[in-house]
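First chain written, first letter: the chains are A, B, C and D, and each begins at residue 1.
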């Protein structure tokens, strides 16, 4: 069982819908400990990505990811733009020319993508950022792959670990990003970036669950 | 029966107290059709007048009125300052050197005072200003004097006519002063200056009623 | 009421102290009576220009004292005309022998207080001309009322007359210029919120979350009409059309557009208003040759804006471009 | 939400159009990607200075483009860092062969986007120096967090570096100057009200009628602490004392005091704040040699203020006084 080029496009398209639905929710989370724009930023970016869909119809997965990354980079802005932009650009490098992805491919792709985010933002697990959702999710995906689990189960574990990671941000005092300016007042609120990251993983599991 | 120098001082002092009590009321009236400062302006002026009391203890009525007028002129500002300042300055001219006032003196004094206000502000009865209270009050005082009424009754008629005049401003559309900018929207509100003028007359009647 | 103040009674005094600390190179501040004169006053042989009015409109007038604009300003209590003694002292302090122009906004209080001050100054042998600014098209003009309010054109008149006086034009010439500017300038304003006079402590009027006032003055008073909030473009049209029609400005006229914040409206919104005002001017064939954008004649923290149009000619353009060096308006120096 | 806007999505675009109508003599405005460059860019042989950040802080940065200050500004969406493509285009447009300085406020987004832009510009053969401004003493400084925010000192750095570049100092010199200014500048801010991001439509935080936020940034985010509203003098002390202690400024130091409105606070209140700030500076033996008072780095219509202190020396005084001609800051030209 593999993830096809079309599956990848569907993931992106579905995620754009998920972001639209959660735009206000993400903005509300950002209002509490940031500057109330994460939902609007992500939505602006993924609406622009939707506009690129026609020209991606017959492209390889690397090109798709690279185009998504470049589009996010030039439309999202803020912290989210370079971070999600880098995530997709790095994914694009790993998948250049590919028309489908195995579970192992997924692991190496997400590994590169998430390392890119870490390199760009220099955040560690526990800093109350996207990384708190992405890193444990990647670990779960790796483990599932090592255990040769079916792709659907691996993705379910992936999303589930991301969810736990997202939830783990609530009690944390932020060390990176805008929320860190609040000091102790940042505790008690779920991180908006970790939330949008979890939604990305959850959408992958939902979209590819029966791949 | 006459009004003594001390009665005059007591009138001024009592009026300062009345203004203090009605400061917010006058300001609220001014907020509706003006700029919400009539109470504060009058209070600033009459508090300054109170500060002049010690130096007026042994002065004639003309000097008292002139000092009140000059003090109002330099502390009230707005429309109220020149109008009330002129009122007292003109009263001071008519009463120069006097130590007491008969009812006829009161008539000539208020006549001069109110003519001064008309000359300064060029308002007519019906323009929704102080004049709407002052002019009918003066007419009533004149009539009572011609009819040789006792001073207490004359003053009661004086204040009563002022009250009616004040109340008559409510339905009017303002033609003078700041309220005129509102056009038709000025109707339905009592004029603040007419109100402070009525209070001045009412305080005279109350203070001198048993003179 | 939330304001960055101490005792509401001391707002003007403490503001003046702040100005005296900040701008000793530009102005001198006097207390009891309160007035501000340019640091080098009186300038011998130059017409002195004095203006004044209630406080709460900053930078007008105190912020416009300095080279190329006002010689003196008299700040009253918040939204309350100053008193004749202030105006008299200021007039004497800036009289350089060429006479003094009083620029007076058309409010009953300002008119009467300046009238008395002019009488007193004349009695002391100073030549005085008084020009009344009444440019607010929101108010029906009539001989039988107080007439139109003086609003945005005041700022422009102070700049232009200041430049003319700096050129050593005569009192008569500067006063005539001021009358010309008043004749060529038209304004209209609107409010999204009320404002709170410090010693009153509550907003002058209540304005629901979805309504605005059109045709306001600069004293927190309600306007001519209350209505549902509209878009910036629609509001700009509601302000521009009566202005353009009133003079009437004609196709081919050169104009200055002045988009003014009432205090609480930020610059980003003023540029959105300016954008539409410019397009409307163009539609009418007006050539926008100068502009002014910012909070210049305000009503404390009120959100809203006003637009002023001034017909320009070569002389006005030259005077507008002349150097000005005041706390609130500065270029070329 | 009441604002003078049309569609919330078009706020920045329409503001830029307004700027392009108003200031063609000073700046050129480009769209998609959005950036503003001075009208005569690129100036050959002069270091180009580029800054940028979210919109909503007007006049910063777009209003500071022009002779003696910025060569280009990149406006992002409201409160959202602009993107690398904007910065790259702006950098190329102002490169006069002497290299380009990026002045970056310390926010994760701004840092990362400018980093990527600098990499891209270097790849095109342009010399780039980036200096990060992080002057907000409300934020605990730490190697293990995002560190301090860049606030008021940014405005001063842009003015001073602009003057240095105008003198044809080298890229290294201008960048070193910028680092020195950042090292010598300290700021702290407070809010009486929140503000409303146009596309969000409701205030970023709720602040009861009797409370204020101390230690805010410039993005409508809540501050370090919420407390009952205090008097202007007390608030000024709460802002000044941490600033003075942080550098630490020493008795005898010359300083510039910058009292900034967050947008909704009127000038009259800023002078009351300046009055006390000046007195506190004097109490500490600091000599106030320059000042800046007004809305320069704002958070939309937020009511509140920030204070910035900058230690001065002869070079900084000379650079401060040098002519500047931009829509938002102008003197000597």
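In this section, a residue touches a chain if its C-beta (ideal position, glycine included) is under 8 Å from a C-beta of that chain, and two chains touch if they have at least 3 such contacts.
Model, not experiment: these values are computed from the prediction.
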Exercise for review: Treat each pair of touching chains as one step and give the shortest count from chain B to chain D.
Suggested key: 2
Exercise for review: Considering only C-beta pairs in contact, identify the chain pair with the most of them.
Suggested key: C-D
Revision key, fill the gap. Chain centres from averaged Cα atoms put chain A and chain C apart, in whole Å, by 55
Point to revise | Between chain C and chain B, distance of the C-alpha-averaged centres to the nearest whole Å | key: 32
Practice item. Using mean C-alpha positions as chain centres, tell me how far chain C is from chain D in Å, no decimals. Key: 29
Revision key, fill the gap. In contact, pair by pair, are chains A-D, B-C, C-D
**Study point:** chain B to chain C touching residues, read off their complex
**Key:** 27, 31, 33-37, 40-41, 44, 73-83, 120-121, 174-178, 180-183, 185
Point to revise | In the complex with chain A, residue positions of chain D that touch it | key: 33, 54, 76-85, 107-109, 112-113, 115-116, 136, 138-140, 144-146, 149, 197, 199-200, 204-205, 217, 219-222, 224
Practice item. Over in the complex, which chain D residues touch chain C? Could you list them? Key: 2-6, 11, 14-19, 21-22, 55-56, 58-59, 63, 192-193, 209-210, 212, 229, 231-233, 235, 263-275, 278, 288, 291, 293, 295, 298, 300-301, 303-305, 325, 327-328, 330-333
